[in-house]
Structures are given as C-alpha cells and as structure tokens.
Amino acid sequence: MFRNQYDTDVTVWSPQGRLHQVEYAIEAVNQGTVCLGLRNDKYVVLAGLKRSPNELASYQKKLHKIDDHMGVAMSGLTADGRSLIKHMRTEALNDKYVYGKTIQGGRLVLELADMHQKCTQSYVRRPYGVGLLIGVCDQTGPHLYVTEPSGNYYEYYSMAIGSRSQTARTYLEKEFENFNTCSLDDLIKHALKALAASLAGDVELDNKSASIAVIGADKAYDLIEGPPLQKYLDAIEVEGGAVMEEDVVIETPDL
Amino acid sequence: MFRNQYDTDVTVWSPQGRLHQVEYAIEAVNQGTVCLGLRNDKYVVLAGLKRSPNELASYQKKLHKIDDHMGVAMSGLTADGRSLIKHMRTEALNDKYVYGKTIQGGRLVLELADMHQKCTQSYVRRPYGVGLLIGVCDQTGPHLYVTEPSGNYYEYYSMAIGSRSQTARTYLEKEFENFNTCSLDDLIKHALKALAASLAGDVELDNKSASIAVIGADKAYDLIEGPPLQKYLDAIEVEGGAVMEEDVVIETPDL
Amino acid sequence: MFRNQYDTDVTVWSPQGRLHQVEYAIEAVNQGTVCLGLRNDKYVVLAGLKRSPNELASYQKKLHKIDDHMGVAMSGLTADGRSLIKHMRTEALNDKYVYGKTIQGGRLVLELADMHQKCTQSYVRRPYGVGLLIGVCDQTGPHLYVTEPSGNYYEYYSMAIGSRSQTARTYLEKEFENFNTCSLDDLIKHALKALAASLAGDVELDNKSASIAVIGADKAYDLIEGPPLQKYLDAIEVEGGAVMEEDVVIETPDL
Amino acid sequence: MFRNQYDTDVTVWSPQGRLHQVEYAIEAVNQGTVCLGLRNDKYVVLAGLKRSPNELASYQKKLHKIDDHMGVAMSGLTADGRSLIKHMRTEALNDKYVYGKTIQGGRLVLELADMHQKCTQSYVRRPYGVGLLIGVCDQTGPHLYVTEPSGNYYEYYSMAIGSRSQTARTYLEKEFENFNTCSLDDLIKHALKALAASLAGDVELDNKSASIAVIGADKAYDLIEGPPLQKYLDAIEVEGGAVMEEDVVIETPDL
Amino acid sequence: MFRNQYDTDVTVWSPQGRLHQVEYAIEAVNQGTVCLGLRNDKYVVLAGLKRSPNELASYQKKLHKIDDHMGVAMSGLTADGRSLIKHMRTEALNDKYVYGKTIQGGRLVLELADMHQKCTQSYVRRPYGVGLLIGVCDQTGPHLYVTEPSGNYYEYYSMAIGSRSQTARTYLEKEFENFNTCSLDDLIKHALKALAASLAGDVELDNKSASIAVIGADKAYDLIEGPPLQKYLDAIEVEGGAVMEEDVVIETPDL
Amino acid sequence: MFRNQYDTDVTVWSPQGRLHQVEYAIEAVNQGTVCLGLRNDKYVVLAGLKRSPNELASYQKKLHKIDDHMGVAMSGLTADGRSLIKHMRTEALNDKYVYGKTIQGGRLVLELADMHQKCTQSYVRRPYGVGLLIGVCDQTGPHLYVTEPSGNYYEYYSMAIGSRSQTARTYLEKEFENFNTCSLDDLIKHALKALAASLAGDVELDNKSASIAVIGADKAYDLIEGPPLQKYLDAIEVEGGAVMEEDVVIETPDL
Amino acid sequence: MFRNQYDTDVTVWSPQGRLHQVEYAIEAVNQGTVCLGLRNDKYVVLAGLKRSPNELASYQKKLHKIDDHMGVAMSGLTADGRSLIKHMRTEALNDKYVYGKTIQGGRLVLELADMHQKCTQSYVRRPYGVGLLIGVCDQTGPHLYVTEPSGNYYEYYSMAIGSRSQTARTYLEKEFENFNTCSLDDLIKHALKALAASLAGDVELDNKSASIAVIGADKAYDLIEGPPLQKYLDAIEVEGGAVMEEDVVIETPDL
C-alpha cells in the first residue's frame, strides 16, 4: 500500500540517506542456503549445506576452491556468485604468473568489494545478490572475510550467513573463545555443530548435504564431503539419513 | 489489481530480494512443450515431443545435436534456444580446432549459464526465456545438465521440464533407481513412458511427435525418430495414431 | 480500461512468461493482405493478392525473387519486409560469389529468424511487423518456410497468412494430400482457388490483383501475373473483373 | 479523455499491430500544402502551390530538381523534406560520378523508402513528417512515385497529397484515362485544373502561387512559374489575382 | 488541467501531426526583444532594440556581424543564438580560406536551417529557442532571410520578429512597396520608424537602445549605434530620452 | 498542488517558451552569499562576504584570482563555481603559453557562457548553479562581466548578486555615477558600503568576513583581507565585531 | 504523503534552486559512525570509533593512511569512502614518482572535491555517500579538511562528523582555543574526550573501539590503537570495558 519512490533505482538516495536497492540485494543473501566459516590461528574452516533442487538432482556445490590457499562459501544468487568466483580465480592465477607467488587474501577481497561498490553507484548493473565467506591462509596467517552486496567487507573470527543462520551464529558466539585451543578435528566438529544448529527441526545433517573445506598454513585447500565426512558426523552424534550408495554420488563439476 | 512496482525491470530488486523478471522468464520455460532426459553410467537419453503448429506444418525439432558427444533438448522460446545452441556449436567447434579434442560438457554448460546470468544483471537484454537439458558423454562419463533463465544450472540423474512435466518427473522419481541396471533399450523405453505420462488424457504418443536422442561413451549422438522409433513405442504398448506415409514426413533442416 | 503494464516494452516479461510486444507485432502480420504457398515434391508455388491503395496507383508487388531458386511472399508491414528481403538478396549473392554455388534455403531462413529474434531481446529496435513465406528449391528439394516476428520459423506443406487467411488454410488443409500427385498446372490452380477462398464475398480474383510464383528443381523463379495468369483463372472458372488494357499495366520496379 | 498508452513511442506496437507514431507523422503530410503529379507515357508533370507565410515573404518553392531527369514535390514538414532532398541529390551525383550515368528512379526511391523505414524501427529518430511525389523519366520511361513516412512507396498514374487534396484526386480519377492521348500542354492544363480544384472557394490560382515542373524523355527538368505559366492559366480560364510586377518577384534560392 | 501527453518530447508526434516542442520553442522567439529587417534592390538594413537588464548594465548587442557582406539580428534565447552565430562565422571563414571568396548567403542559411532541423528530430538536444534575421548582400544581390526553430526558413522583403513585433510588421506591410525607390537614408528611417512602432506607449527610441546595421553591394557591414544614429532619430522626429555622456557608453565586446 | 510537467528536464520547453530548469538553477544563485563588483575607467573592484559554515571552520574564499589581470567572485554552488574557475585558469594559462600574452577578458567570458549554454541544451548535464562576477583589466580597459546559468552574460558598471543583494544594488544605483571620479581608496569604500548594505540588521562587517580584490591597468590582482582591510572598514565607520587574533586566522588554500 | 517530484534525480533542480539528491547523500554521512579531527600549529590528530558489526567480527578501520604526511577518517558509506581513498593513494604515489616530493594536501583535497562535484552534475553516477576528514601536514603546516558529498570542502580547526557528532562538536567548540598551547599528548586527550562525548550514555570508550592517528611536521602518520592507547584512556579517566586478550585482537588488513 505504501509506495516507496526511492527504492527502484540503485543510484537514487532516499531522504534518509539510504540506498534501498542495495538493502534488497542483501535480502537475497539472507534467503540463500546457510554457509559459515570459523578460524583459529592455524586453520580456516568453511562449511555449507549443499542444496539439491529435487530428488533427481545432484547436490549443488557450496564451497569453491580459488587457489591452494583460498576457498569461498556463498549464500544468495548462485549465478551471481559464480561470476565473482570466476573473477577471483583469474586474479589469483594472474598474480601467480606475474609475481611468481600466491595473491594475498586481503588484497583480493578488497578488489572483490570494489566490484560490489561499483554496482551500487552506477545504473548500468544491479548490485550483486550474493554474500561470500572467504577463507584464506597466506603469509599473514589464516583469515575469514565476509563480503556484502553493499561493497562492505569484514573480517570475522567466525560467521554464518543465509537463511536460518542466526542459530548458527548463536552457537559460534558461545563457542568461539575455545577455537584457538582446538585441534583441526575439533574445529571441523564445531563447524558441523553450528551447521546442524541452523537446520529446521526435522532435517538432519548427513554426509551428502554437508560440506567442509579446510585451509591452513601447512595444508592446501581440502574439501571433505561424503563418506570422509562421516566420521566427523558420527563424532558429533548427528546421525545422517539413509546414505546413498557411494558410487551413485555424482558431483557437479567445479565451476 | 495489485500493481507490483518491482517486476518490470530485470535490474530492480524487490524488497524480498527477488528478481521478478527472471521468475517470469522461468514461467516461459514452464509453458513450453515438455522434454526430458535421463542417464545411467553408460548412456544419456534425451526425449521430447515435437510440436506442429498446424496440420499443414512439419514437426519442430525438439532435440538438437551440438557435437558427436553432446545434444540438447529445450523448452520455452524456441528462438531464444536457437540463439544459445548456435553459440554452443561454435564453442564446441572452436575447441576441436584449437585443442584437437572435444570440449568437456561441464565447461560448455558453465559458459552457457554465464550467458544467462549476464542477461539478468544488465538492462540491455531481457533474460533468455528458455530452459535447456544438455546430455553429454565425455571423458568424465555421461552427464545430464539443466540450465535455467536465472543462470542456475544443475546436474540431474533425470529431469523433465515444460508444461505438464510434473507427471513425467513423478514417473522418473519412481523409476530412476533402476536406470543403472538398465540396457540402453530399456532406458529408451523409460524415456518414452515418462514422455507418455506427461501427455494430456486423450493424446497418444506416436512416432511422428516423439523424438529420442542417445549419447554414450561408445555411441555418437544418435537421433531416433519416425519408423525407427516404432519398435520402442510398440514395446511400451503405446499405440501411435494414424501414421503418415513415411515419404511424406518432412524434416525441418537442423538449425 | 484494463492497463497492462507488461506490454509496452519488448524486453519485459509478463508474469505469465509472455512477451506482449512480440504478440502485437504478430497481429500486424494478421492484418496484412493475404499470401500463401504450397508445394509438392517437385515445385513450390507462392501466391499473393497485389494491393492497390487507390484507383490511380499501380499494384504493389506481393512476390519477390531472391534468387533463381528462391522467392518470398510477405504479409504485414511492407517496409519491414523490404528491409529483410534486401538482406536476403545480399546474402544469396555473397554465397554465390564466395562459394560459387547457391545458398541453401534452410540456412538463409535460419539467419532471417535470428534477425527477428535479436529484435525481441533488445530495447534498441522493435520486432519486425512482417511474416514471410519463403519458397525455395535447392539440392534438398522444394521447401516452404514461414517466419514470424517472434523469430520462430516453421516448414509447411502449405500455408496462408494475413487477413482472412483462415478460409484459405481451410481449403489447403482439405486438399493438400492431393498436391504430390498434381501437375504444376494443377498446383497453380490450387493456389488460385485457395487465394479466391480468402476474398471477401463480393470481390473477385482477376489477373491484375493475383500473382503467382513457381520454383522447381528444373525451373528458375517464374512470376506469373497479368494476361499469362488468365488461362489459370479461366480454368478455375473464376472470372476476373474488367481487365485493364495490357499496355496500361504498370509495374512497380522490383524492390 | 482516452489515454492511448501505445502512441508515444515509435518502437511500441499497439495490441492491434499498429504503430501510432507513424500514423501521426502521416497526418503531418495530410496537413501540408497540396501538391500533385500525373504522367502519360511520354512525360511526368508535377504541380504545387507555393506558400507565402506572409505578405512580405517570398514564396516557398514546392518543386525541387534532383537531376535533369528527376524532380520532387513535397507536402508536410518542409525542413524534413529538405533533409531528404539533400540526400537524393548527393546520391544522384554519386551515381553519375561512379557509373557515368544517371541513377534509375526506382532505385533512388527505394533507398528513400528505406531511410523512412529505419526511422520507424528505432527510438533514435522520429519518423519523417513529409510525403514526397517523385517524378522521374529514365530508360524505363516516365514514372510517378509517392513515399510515405511509414516507409511505404507506391507508383501512381497520378496522385495528389496534402490538405484538401481529395478534390484534386477526384478530378484526376475522372480524367486520368485521357492522359495518354494528351499533348504536353494539355497535361499541364490537367495539372493546373486539379490544383485549382483543391483550392478553398474564394482563392484563385495565379502565376505567383502555382508551380509546374515537366520531365520527359526528350526534355530535362523544366520548371514553369510566374509569367511563363500565365498562358496555361489563361487557357484554363482561371484568372490570376493582381499579379506583382515581374521584377519584384524574388526567388528563394533553391535548397 | 489539460494534460497533453504529446508535448514533452521533441521526437513524439501528436495525433494531429504536430511537434509541440517545436511550437513551444517558437514561443520563446515571440517573447524575445523585437528585431526587424528590410531591403531594397541595393541594401539590406537590420534593426534591433538593445536590451539592458538593469540600469547598471551595458546594453546587449542585438546585431552581429558574420562577415563583411552578412549580418544577423536575433530574437529569443541569446545564448542559443550565440552558439549559431559562432557556427556561421566559422563557416564563412572556412569558405574564404578554402575557396578564396565569400560564402553565398543562401547556402549558409540553408546549413543553419539544417542545424535547426536536426534538433527537431533527435532526442539528444532540444530545439534552438531563437529566430534569426539574416541580412546578406552577395553576387545575387541583397537578401533578407528568417530562420525558425522548426528548421523552416523564408526569404522576406521585410520582416519583424519578437514581442510586440506585430505593429512593426503592420508598418512594414503598409510601406514596403516604396522601399525600392528609397535612398539608403530613407531605408534606415523606415527601419527606425518600424522599430518605434513596436515600442510600448511610454517608451521612446533613443540612440542608446536602437541599433542599425547596413549591408550593400558597395558597402561592407556597417553598424550605426549611439551618436551617429542620432541624426536619423532626429530626422524621424523621435526624440531620444536623456542621453548618457558618450564616453560613459560601454560596449559589450562583440560575441 | 500544482504539478508542472515541463520543469524536470532541461531539454523540455514549456508552452510559454520557457526552460524551467534553467530558471531553477538561477534560483540557486539568488540564494548564495552575496558578492558584488564595481569599476571606473581605471580599476575594477570585487567584493564578497566569506562564509564560515561553523565557528570551528576557516572562512571560505569568495574571490579567486584567475590571472594577474583577472579575478572572479561567485554566488551559488561553490563546487560548480570551482569547476568553472579551474577551466578559466587553464585557458588563461594556455593563452599565455601559446600566444605569449594574457587572454582578453571578453573572450574568456564568452567561452564560459558557452559552457553554460551547452548544459541548457543537452540532457547529459544539469545547468551550472552558479553566477560569476568577472573583473578584468586588459588592453581594452577595466570590465565587469556577469554570467548566468542560462548562458547569458552581461557587462555592468557595477552589480551585486546573491541573497539580499537587492539592497546592495540599490546603493550602487544611487552612487555609480560618482565612481569615475573616485580614487581607488574611495572605490574600495563604496564596495564595502554596498556589501554592508546587504547584511541582515544585526550583522556587522568585519575584516574576517569581508574580502576585496582590486585589478587595474597598473595593478595586478590584489586581494585585501584581514588586518589590511581594517583601515577601510574604520574609514567607513563600520565597526567589525570581536576580531580574532591575527595569527589564528587560517586561509583555505586557494582553489 | 507529500510527493516531491524533484528529488529522485541528481540532475534535476527544485524550484527553490536545490539539489535534493545531494542533500540525501549528506544524510548518509550524518548516519555513519562518528569521527573527528583537531589540530594546533604542530600536529593534526584524527580520531574515530571503530565499528564491529558483530561480536565475532574484527573492528572496521576508521582511520586510513594515505601517505606519511596524510591520513583520512570517514563517516558514511564505507565502500564509497574506500573508492575515494584508493584514488587518493594513487595520486599521492604518482606525485612522489613524478615530482620526487610529497603532494600538497590542499591540492589533493581539491581534486577529491572535484570528483564529488562531477557526481552531482551527471546522471551517470549517484553522489558519493561519504564525508572525509583529511589530516595533512605539509610544507604549509598542519591542516584539517572536511569534504562533503556536494563537492564542498572546508578547512577546520577541529570538526566532528557522523551520528551523534553534535556533542563532540560542542566539546571542541568549548576547548579549541586551548589547542595551540597543548602538548601532543594533551591534543590526543582532547580528541578522546570529544569522542567520548559523542557516545550514547551507557557505552564507554575502550582501546578496542577508539582509534587515534597523529601527523606532524616531525612525525609521520602514526596510528595509536589497542594497548598503546590505554595510557591516554586512563589519563582521561575513561575506563575501558572488559579488554580482550591482546593476542586475540585481529586487524583487518588496511584497505
């Protein structure tokens, strides 16, 4: 009933100094499937729930490798995220080729944030409808970054985004002070517990839908999915549902 | 009566974080004629109902060959699909010429999805109003991909899209666990039965309207239409209507 | 009274997944003067009613030669059609010059359809308001194609488009099974009878307004108008009106 | 009271398949000062009423020479017509220079019509608000063409356009069958009589306002105005008003 | 209360075939300060009322020299006129340089009119809001041209434009038949009398506000302002007001 | 309550031949802080009130030097004025470099006015919201020019613009006839008195807010502010308020 | 309820000569987190409150180094500010490289202001929604500049911007006369006290959220955060909250 004349154009300010279109794009992130990340001073762990649109479909990858020392989890419009990930990979590759070393995480995140910002100031493109969790472990140690459609980015100890992510954040806030004294295995278990917390009541975490990625100073990007994930699930006493035969699990090729 | 101010521009977010124009383009796919695909670990089978706009017209091809190892079925705006198929063929050809080998299916699908995504972020072009089922059999085995106007793509064991495709999906969901133990002939019969399931009550599947394409590791793209299809139709005891004399069947040249 | 907010921009989808502007352009075709085509396995025949805007004006050509093996009839906006025909002639000429042989009909039709499609996806140009019947006889035999403003194209045994074309289509549907056994003369008579069927009650077909073009494997594009057409008109016992003296008939130069 | 939402943009189709902006541009032609043309098999005659905006102004030229074998009369927006005539002269000159011979009339008219068509399909420019009568006498004999803002063009035996042109057309329809047996002098008199017919009741044709151009196979573009026109006016017994002294008549330089 | 939907865009035709924006631009001319011109067969005289926005301001030049044989008076938006005059001077200079002779007046006027026309057909620029009186004396004798925002131009014996110009026109219509027998001095007096006629009742013509320019075959552009004008003012018995000391008169540098 | 449909686009004429957006930009000038200029036949004096947005801020410069022989005072949007001043300086520098002499004031003012005019004819940029007083003393003597957002420019003996400038103008109108017999010191006092006249009742002119610039044939641009201004203020018996310690006065660096 | 038709486009003037969109962008600055700056004749001090969006996030940097002699604090849209800071760093670097010396502060501020101004005159980009406090100490001594989205910039003795900045300004206004006699330590304490003044009642300043940067003639940009800040906090008797272990403090890498 209320017609807001300031919210259909990204280049129009509201009298309150807000950019409504940017806020609506953030809403698209809030409605994506949950993903989260956490770190201590040795490792970054990313976790996500793979989504299958249909019983007949394979699961959609939630975690994506950028380089040996960097990975991404995303929530929101998958197609938008894919476009950004593609750009990140190219940049990481360029740096390796030109400078002979891996790109520093913070620098790539900053560039990403600038791509977001440009879409909020020009009428040519809409803001990206995706939030990214970027886990990186470079010469400055492990980091976890979060980017927003607004072009803002933050560094976090641990963070969860997407629908129903509030319960995961509550878990992380309660536990994050213990992360630094954790072993990697315990860190992974915290990630799975936080993920489980964000599930709706009757859904259970299993090795088909959960997905974990680990990056460390001494450990290149390592994706843990399917059966290798089971031991962690068992350990946190979250029973998976009827597990598909392993040979039937198909993977969408990495984008 | 309700005027939605957020749904006439693809670059405008709704307050709920949705892009209505993309959703409306998906509706164009839902209203196209049905097509479907299914696979086991040896073959991919695509199936479609050829549409004739008029008694005097030839049937419109539903299945299109991209390369020896790849084929496409489409639902939605034919003209939009044609434009995308043209691009896929060029890409497949380029790869053969440049690298001396066939393009990997997933890579081509990813590029296709990016073409879709770009149309959802810019005001220059509307989103494509077509969904594609891509069957491919490359060094990584047989795959079935589905693309959406949103730029999303999924891998499926089997999938049906288009109008009345729900009943076909129901059939596929019930049967797909048996596909892996199927012979190719049985796989084709499953495709035809699923297709038949999606027909309106008084319409019957015949060798003029049904169309099947098979791709396998040891089998280049093979289109089965008309009389060669009859034995499968007979086998599933779906009686075709009055079959036209064979020599009268005209084929629209492949696009 | 009903204001449709989705129908003034060709790049806007309606919630039902339709492109209204494309549908309105098709309406322009429906209101053009009638033209039709029919074929058997030796010949394609195009027929049209030449329109004179005024007693003092010459008749407008309805049939246009593209090349020896190809001709076009059109309904809708003449100026739009002329622009497309110009393009077709250039293409046909290019192929002759570059490859030393005549262009295949289906390939040219496909390109034409792509020109239509592009106008339905971009805000720069409106969709073409013209439908074309393309008669062609190449190494693959005789074909009759129909293009639409939407970018769709179909192959037909016989088809009529334009205002009052329904009655012509009814005639063609009733008779088309006999075409293959017809002589060329009989085929021409069928074309004239179908054309006559589409006339309003008190209008009669005569050799000034009717126009026939024949293309065959052994017969280059042959336009039959004026007195040479009379014997066919007499044969079908459709009496022409007061025929102008032959030397007074002026022809608009072919476009 | 009735708001037509489809008539303010030339690239928008109405649901009835019409382009209203093109129709409104044609209305600009209907309100221009009258001009007309007629031909037999030897000559084309163009005639127009020169308009003076004010007692103190010279008369505006209505007839314009393109080349020795071609002339133009126009009705509608003079400034638009001037832009088109400028283009025609350049083209005619180019052809002479490149091919060493005069351009064929029909070819130039076709090109002109394409310029009109382009303005009806793009949002960049409005349709031209002018109609042209083109008289030409080339190797194919004398022709009279008429172009419309829509991009349509027609060949006529004789035609009148502009405000109050209906009465001129009525005269021409009644008499045109006699033109072929006419002498050139009689043809000129028919032109003047038709022109006189289109005048409002109390206005009389005189040698200041009437203007005649003649083109023939053996006769280069010949403009007859002022005193030389008087003998024809006398012959048709149309008395001119108070004739200005001849030396006072000023001519706007040809555009 | 009446909302005209066709008058805010120069590229939109009204249903009556009018371009309202062009008509509104002409209204800007009608509200400019008056200027006028008149000629006989030896001389052209331009006259204008210099406007001072304020008691403290110098008078604005109304008459501008283009070249020795050409001058301009303008009414309407001064800034628009300045832009056109700048173009005319450049053109005149170019011609001198390239062809070694002065440009013909009619040719420059035509080019000017084309600049106007282009602004009426494109959405990029608004129509110029200025009317020009161009006095020229070239090898074809003296001429007086008037251009309009529409792109129309006319040749006149004498003409006045701008606010309250109707009374000046009335004077000119009554007297213009005597111009050809006039001496140059008498022609200047006619110009001043016509100018005086257009003044509001209590305003008097003086040598500060009135401005005269003379061009003849044997006389380069000659501007008569201030004291040298007084003898003509005295002669027509129009008493100037309190004349400023001559040395206080400042001239805006010519644009 | 009254909705004016012609006032939101600078390229749209109102039916009265007005450009409302230009008029609104002029309103921005009327609301800027006051500035004024006056001249005799030896000197030009510019004066302005420096504005401090806040007790903690330095005063904003109102007077800007372009070159030794030219200075500018501005009222309206400071940021717009700065952009124009930057352009003027570049031009002045270019002329010195290319021609080895200072640019003539009138020529630079004309160019400035053309920059204004272009913004009133194109939809690309809004009109500049600033008025400039340009004081210049070149080989043609001292001049005072005023430019408007409309692209108009005038030469004045003396002028004041900005809010409450009417009382300053009244003072100048009363006194300007005495300027020519004034010494430079008296001219400066007239400027300060006019400035004082424009102040609201309880505000007093002091050496922090008032600013004077002098240009003469024998005197390069000289800015008089702060303590050196005090003797003039004392002389006109306008007592400044509590003067800040001199060493605390900070100057914004010249733009 | 009141619909303002002049406030959705930055290139549209309101009838009152205002640019509403620029004013709305300034509102975005008013709602950013507070930051402030103050100077005496030796040092500039910048202070800001680092914001943490969440307990799990690191604090966002408020102060950014441009070069050894220049730093920036910002309030408003962080992403917009980042884009401007990036530009400033590039410029500072360029100057060092090209001229071999550090850029003068005022010159860089001016360029920054011009970037703002351009966004207020063109429809291509919205105005930047950020205000910057720039502290610089160059050959002309210490300066504190403030830029606004309007393109205005001011020099201040001391200033605070952002939400609740009014109380900080009140403190600064009361104390700024003592700054020049302050030691650097006292200057820092004034900055912290002003910052504390702007906090909501129950929030306390601690060494995690407060951030200070100092620049002086003899002191390169020095950022004081965390424990090193504690002694100043203790000195002003503002007790920090529960301080995190130092080794847990993570810094977002400088942008």
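Letters A, B, C, D, E, F and G name the chains as they come in the text, with residue numbers starting at 1 for each one.
Heads up, the rule we're going with is that contacts are C-beta pairs under 8 Å (C-beta built on N, C-alpha and C of every residue); 3 or more make two chains touch, one makes a residue touch a chain.
This one's a predicted model, so the numbers in the text were calculated from it and none came from an experiment.
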Chains touching both subunit A and subunit G: none
Contact-graph distance - origin subunit A, target subunit F: 2
Copies subunit C and subunit D touch via same or different residues, half shared test: different
Degree value of the rotation bringing subunit D onto subunit E, based on Cα positions, nearest 5: 50
Cα-centroid distance, subunit A relative to subunit B, in whole angstrom: 32
Subunit A and subunit C: spacing of chain centres that average the CA atoms, whole Å: 57
Whole-Å gap separating subunit C and subunit F, where each centre is the average of the chain's CA atoms: 71
Residues of subunit F touching at least two other chains: 9-10, 123
Contact footprint of subunit D on subunit E as seen in their complex: 5-6, 9-19, 104, 106-107, 110, 113-114, 116-117, 120-123, 140, 143, 146, 150-152, 154-159, 169, 172-173, 176, 180
Residue ranges of subunit B touching subunit C (in the complex, touch as defined): 3, 7-10, 20-21, 24-31, 53-58, 60, 76-80, 82-83, 86, 123-129, 248, 250, 252-253, 255
